[in-house]
Amino acid sequence: MNVMYFAWVRERIGIPQEAVETDAATVSDLVAELVAREDRYAAAFADISALRVALDQELSDFDAPLAGVREVAFFPPMTGG
Amino acid sequence: MNVMYFAWVRERIGIPQEAVETDAATVSDLVAELVAREDRYAAAFADISALRVALDQELSDFDAPLAGVREVAFFPPMTGG
Amino acid sequence: MAVRVQEGAFDAGAELNGFVQGRTDVGAVVSFTGIVRDTAGNLLEMQIEHYPGMTQSAIEKIVQEAQHRWDLSDALVIHRYGALKPGAPIMMVATAAAHRAAAFEAADFLMDYLKSRAPFWKKEVTGAGADWVAAKEADENALNRW
Amino acid sequence: MAVRVQEGAFDAGAELNGFVQGRTDVGAVVSFTGIVRDTAGNLLEMQIEHYPGMTQSAIEKIVQEAQHRWDLSDALVIHRYGALKPGAPIMMVATAAAHRAAAFEAADFLMDYLKSRAPFWKKEVTGAGADWVAAKEADENALNRW
């Protein structure tokens, strides 16, 4: 699974994307796995309410299942326009 | 006093403006004087609710006094933009 | 603030580009362009009559009211009169502000007021004859929004 | 409908003029241009990051929703990414319709959704450092209008 990070999430984790091997059932499970890895992940995911997630390039939520998903992206609320 | 007509009011009366000598106290009194003159005025002023009036280039109403007014304009509701 | 009442054509794109050129305090620009629309496919021209002595000052008052209600960096109104062909630009409004809400609301307000309170009258000339465009009740009611 | 996501500059005036050129079924065109604003007078540049795989399709979905809700003749969205200087155009929306209400509302709707639902993130670089622009609660709340 390809996991992508944007804006300050990318800066805290230090990389724009990485391949992750996981059996996580939901986005929240994946976040828990990442947070357990290293402090930089814990720092990025410290406040989940400040984050958004997209699954295969569609906005989703942290309860969503990951079955069949190939790309997960984490980022702060968008500031386009 | 200069009296001006625009759009279909001008077309019905047949002239864009004219000098009018009048002692009319209000716009309504002036309209009554004009209507009494000729059929073309009666045709133009048949339905006052379909008309607007400006006094010295400011929108006003038919009850307004004419004292000191130099220019009266009659026209249908505006269709700008 | 600039208000121009003119018979000749204007270049909406050039006006938009020139409007806030070089400013760094403006975050949002909204423009409205009104175009002669050929509703029934038989329009020869749209004739726009106006009240020369009143038009400029009436529009300036409307723009001043918009500037009073919203924090605008600038505002522009151009309105043509005379005989215009289908597809020709009739008029244009542009508003500039720090934030988008003020720019949008002020442009919307200006259009509602120009529609019903600026002394212009439109006449459509088709192959079948000529008719004055009737004011719409919806346009008059739109003023109650503000 | 045209949606363009690009790093390079665009000419808002030329885009506006080209948008409905030659059409006689359009009576109203509304445009919005977003410009890099130097709030505190010390902005060096605005960096705009985006999610390349998602941006185009996310904007297209927003435009399709606008076309579903309003009777639009056409719609255009241009949004830049990369490093932009104060005064530079960031993005542009244009809507065309027979009547002004649809053009205004659709442009306003598009801006609200682009602001909070298109995957862009802004970072302000000043002499004092660099900060990500925080999303405003007011922008999220604005979506409830529609």
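A, B, C and D label the chains in the order they appear, each numbered from 1.
As a working rule, a residue touches a chain if its C-beta (ideal position, glycine included) is under 8 Å from a C-beta of that chain, and two chains touch if they have at least 3 such contacts.
Please read all numbers here as calculations on a predicted model, not as lab measurements.
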Q: Please identify which chain has its centre, taken as the mean of its CA atoms, farthest from the centre of subunit D.
A: B
Q: Report, in whole Å, the distance between the mean C-alpha point of subunit A and the mean C-alpha point of subunit D.
A: 26
Q | Centroid distance [mean C-alpha coordinates] between subunit C and subunit A, Å | A | 48
Q.
Report the inter-centroid distance (CA atoms only) between subunit A and subunit B in whole Å.
A. 72
Q: Going through subunit A residue by residue, note those that touch at least 2 other chains and give them in order.
A: 81
Q | Touching two or more other chains - residue numbers and ranges from subunit C | A | 34, 100, 111, 115
Q | Each pair of chains that touches, named by its two labels | A | A-D, B-C, C-D
**Q.** subunit C-facing residues of subunit B, complex
**A.** 4, 6-8, 10, 54, 57-59, 71, 73, 75-81
Q.
Which stretch or stretches of subunit D touch subunit A in the complex?
A. 34, 49, 51, 53-54, 57-58, 79, 90-91, 111, 114-123, 132-135, 140
Q | Footprint of subunit C on subunit D - complex, ascending | A | 11-17, 20, 22-38, 43, 86-87, 98, 100, 103-104, 107-108, 111, 115
